[in-house]
Amino acid sequence: MKKVKSGIRGVIIFLLCVIEVYPLFWMLTASFKQQSEWTEKPAYALNDGFYVENYIDAWTRGHMATFFKNSLICTVVALVFIVVFATTVGFAVTKMNWKWKKAVGRYFTMGIMVPVATALIPLFQIYSKMNLLNTRTCLIITYIAFGLSLSVFLVQGYLRSFPDDIMEAAVIDGCGIYRMMWHIVVPLMKNAIVTVLVLQFFFKWNDLLFSMTFISDSSLKTIQTGLLYFQDEFGGKNWGAIFASVSMSVLPMLVLYTILNRKVIEGMTAGAVKG
Amino acid sequence: MKRVLANKKAIALFVLPAFVIYTVFVMLPVVWSLYYSLYSGSPGLDWEFVGIDNYISLFSDKNFLRALTVNCKYIIVVTTGQVGLGLVLALMFKFWLKRCKTIIRTLVFFPVVLPTVAVGQLFSKIYEIQPNYGLLNSFLDSIGLSNLVQPWIGQESTALWALCVMDIWVAMGFYSVIYYGALLDIPDDVIEAAKIDGCSGWSLFRRILLPLLRPIVITCLVFSFSGTVKMFESALALTNGGPGGATKSLSMYMYDVSFTYNKVGYGSVIAIVIFLICVGGSMLINRFDVKE
Amino acid sequence: MKRKALAALLAGIMAASMLAGCGSNKEASSGSDTKTENTDTAGSTDDVDFSGEDPQLEKKIKILTIWAEDNDNGIILNKICEDYKNNVNPNFDWEYEMVSSDNLQQKIATLTASNDLPDIFAYEAGAPLKKLIDADKLVNISEELEKIGVMDKLDESAVTLMKGLSGTDDLYDLPLGLNVEGFWYNKALFEQAGCEVPATWDEFEEVLEKLSAAGIQPITTGGADKWPATRLINAYAVRTMGNDVMTKTANGELDYTDEGLVAAADKISEWAEKGYFGEGVTTVDTGTADTMLTTGKAAILYTGSWYTQVLTDESQNPAGEDGIGFFNIPVADESVSSATSYSMNCGNILALDKSKYDEGTAWFLKYFCENIGNVAMEELGSIKGYTYDVSVDDMDPYTKLVLDELDKATEGFAWWEAKMDSETSKVAQDNVQTLLNGDMTGEEYMQSIQDVYDMNSK
């Protein structure tokens, strides 16, 4: 009886894994398909051959090399700032003593609710007045500004369960606020920081709307723009090449995630979102 | 310690830079769009002050009301689905899984990594009916349920639900990982003690686990809720709002109004509605939070 | 030579709409500051003599389009810029940007809002362009080309078509295509079912029935992208009610709920109900529909001459060089709409920002108009709406076919939403899916269009 039960459980878990992993596998097969295969055979069919042309197309026509570099620069710079700001702001509004800390904390988290598309025209005008349009700077600033809310929210959640006595001990040892922050708080928050990093990395890496609105110079465009090279004016799309470029753009994320995986899960575990 | 934590200089240094960036680049545009909402047309095109006309026309706009209904249904189903199924998965990991925990936890996280375009295309191929049956229809066909074969995303009766399934699938792994973390924090002896007291299965979950998980459930709800209110990209990728307007959300309608109809003023009003729903809903959810 | 006749006829058809359009030209409503700025710069080319040598002015222009640099019109535009720089003006430079066609309107709206439109940009003809014309944002192309002396380089039928679409006396955009639309069919499937190419609408319906009876899906359309489906309603509406039917409705001379139009909408809904489109037509996207015809999954497809891109690509067209044929929309009544009237369009057009326009742009424009016809013919073997004097020897049969059809055309008519404002057009497109699914009758569909029209024309 017990054996049957655990057998069933095994099957369910196995099915789950299949459901979760299948898309990646499917994407790979799709990226090797010729255009006509999409209509000739069901989409779940394996690719007929390895139509590597798609990858070549994606790399050359989609300007992968340039876009990849741009995405990397914008994302990494934005992430550094997000992490620094999120930790300091998060710490200040949860652990430090000042009059407006609750209000400011709420003010920061309110940004989660802002629908992005409304901000486009005003933002564009702001950047235009500041002469920042069409630069990496404006993209990075946007990424930072729109990444702050969620990150502060996550850090706040984590810090709420952060033991006060550790800080107390540090102060008794003669630590000032900055040393305490750097030597005590940050190391203990490593997990939360990694969580913020990974989540924000996904969001920024997949951004298309901001980069398309603010950047017009094709040598500064980001990776998701590459996908545009494979659709035409009348709605026709070269799916093989699209999936080839998606596969290539997903790769760094998977690598990053697998490396950081333990930390991410521990980060979330360790109360990144504890109420 | 109090003195150290009340260091005014440090507070200013910690908060101000982020505060300025956030205010200028997130909040200012929001306030700006409040001002836009009093105008007709789009800046540079038919831009005229109309006062609160835009707000008034909101109530008689059938398309807006329809998008609101669609969006509300979506919020209810997807938020419950993501948060609920995430919890179920986490419980399975905790109590059923003996081996390969790390690998499986890594795997369930994968869908979050994929760009929405790819997920949308994947699901539209799964639901496909023409020119070939997709995965779902082939499956139904092969087990003899050919009368259930239908254009899942091509008809009003099923399109929204098909979209919900996709979005739940994308995020449930993410939530399960969060819950799983919280479950690990619950000491084993608490569970053992409960088991000795005769609690098992459902009652163990209801009496012991759920109260302990409550704060995290609420956080997840807020998180998922604010995401679903802004429903946009996934619907765009899977159905493009169709068929008819069956999957057109508030955000999509706002985008159409602002940029296709060139009525940025009116679009701003819709954005404000979205924002208010978000704030209101989150406050409601937070009321269930027990204050320690 | 037939082009001339075609142009004259088009002019007649579109005349009514132009009158309607002129009235609103003056009261541009944009901010007053932008207006003064516009009028100042627009006059700057007045005293320039364009007949002489290019003065090689220092100039950098920005071009915003929806075509990749190595695709379709992108190739041509970049080639022209490159040639101009290399052969004529070494002080010239250009910046080429591409956005997705789905986001073109958003990008232009954002740029308009901060008064920062690029020198040259791709846009949609018809109502969207009209908005910019009314706001006094665009260069009056007719005037400028007249001054520069290259008006004759534009194909007259393209000019008439485009003036008609924006409903103005003058031209405010440059064509980047001259397409005919119609039905493409899979020859092997026609043979298999024993069908002939239909000449009349009744024959057409017989063909559909015959194909269906032979177990072949008679027709496919990209219902997911919506516009291919409304083109079918347009086809029937025009053939039964005349080439100018949609212009009349846009001008308010005819209601969208007119029985003839309701009948056209019902026709499509009837085909869907009979299963002519197969199952779940609203989930089929254009790309899929395109290849369904070439792979023999369906026998007929309505689309435009840009389809040759698919047909000449071996990986997308297993039917081969002679596998696919073309026929114009079959006629219902020759006296209402003739067999030589085609559905035509100029694709996405190019417009020039008024405030940035100056002598440097004008010289480039001159070179552009003089050479683009030939470049397009040489590079892509396609007509873009400009005169050309090169001939291509090894033209592939499909491109040849399109050129032949273009030559046959004596009259043209626009597509279903061409004259609708963007909101009406959106409703017409969204609801066509509901119509195809049978959740809406033809009457309800037309009523929904009429409702938005009424609301916006108040």
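Note that the chains take the letters A, B and C in the order they are written out, and that residue 1 is the start of every chain.
We adopt the following convention: a residue touches a chain if its C-beta (ideal position, glycine included) is under 8 Å from a C-beta of that chain, and two chains touch if they have at least 3 such contacts.
In this text the structure is predicted, and so the values were computed from the model without any measurement.
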## Note on the structure
Of A-B and A-C, the pair with more C-beta contacts is A-B
### Task
Quick one: point me to the chain whose Cα centre is farthest from that of chain B.
C
### Query
Using the average of all C-alpha atoms in each chain as its centre, how far is it in Å between chain A and chain C?
39
### Query
In angstrom, rounded to a whole number, how far apart do the mean CA points of chain A and chain B lie?
16
## Note on the structure
In chain A, the residues touching two or more other chains are 39, 121, 239
### Task
Would you give the residues of chain B that are in contact with at least 2 other chains, written as numbers and ranges?
43, 128, 131, 255, 258, 264
### Message
Please output the residue numbers of chain C that touch at least 2 other chains, ranges allowed.
### Response
106, 109, 113-114, 288, 292, 295, 297
#### Entry: Of chain A, residues touching chain B in the complex
6, 9, 12-13, 16-17, 19-21, 23-24, 26-27, 39, 41-44, 85-86, 88-89, 91-93, 95-98, 104, 107-108, 110-119, 121-123, 126, 141-142, 144-146, 148-149, 152, 157, 167-168, 171-172, 175-178, 180, 202, 206, 224, 227, 239, 242-243, 246, 249-250, 253-254, 257-258, 261-262, 264-266, 268-275
### Message
Under the definition above, what is the set of chain A residues touching chain C in their complex?
### Response
34-36, 38-40, 61, 120-121, 124-125, 128, 133, 212-213, 216-218, 228-229, 231-239
### Task
Spell out the part of chain B that touches chain C in their complex, as residue ranges.
41-48, 124, 127-131, 149-151, 153-156, 240-245, 248, 255-256, 258-262, 264
### Task
Would you pull the chain B residues touching chain A in the complex into a rising list?
1-2, 4-8, 10-11, 13-15, 17-19, 21-22, 24-30, 32-33, 36, 43, 89, 92, 96-97, 102, 104-119, 121-122, 125-126, 128, 131-135, 138, 169, 173, 177-178, 180-182, 184-185, 214-216, 218-220, 223, 226, 229-230, 232, 251, 254-255, 258, 264, 267-268, 271, 274-275, 278-279, 282, 289
### Contact footprint of chain A on chain C as seen in their complex
62, 64, 66-72, 95-101, 103, 106-107, 109-111, 113-114, 116, 118, 222, 225, 227, 285-288, 290-292, 294-295, 297, 303-304, 306, 309-310, 313, 315-318, 347-348
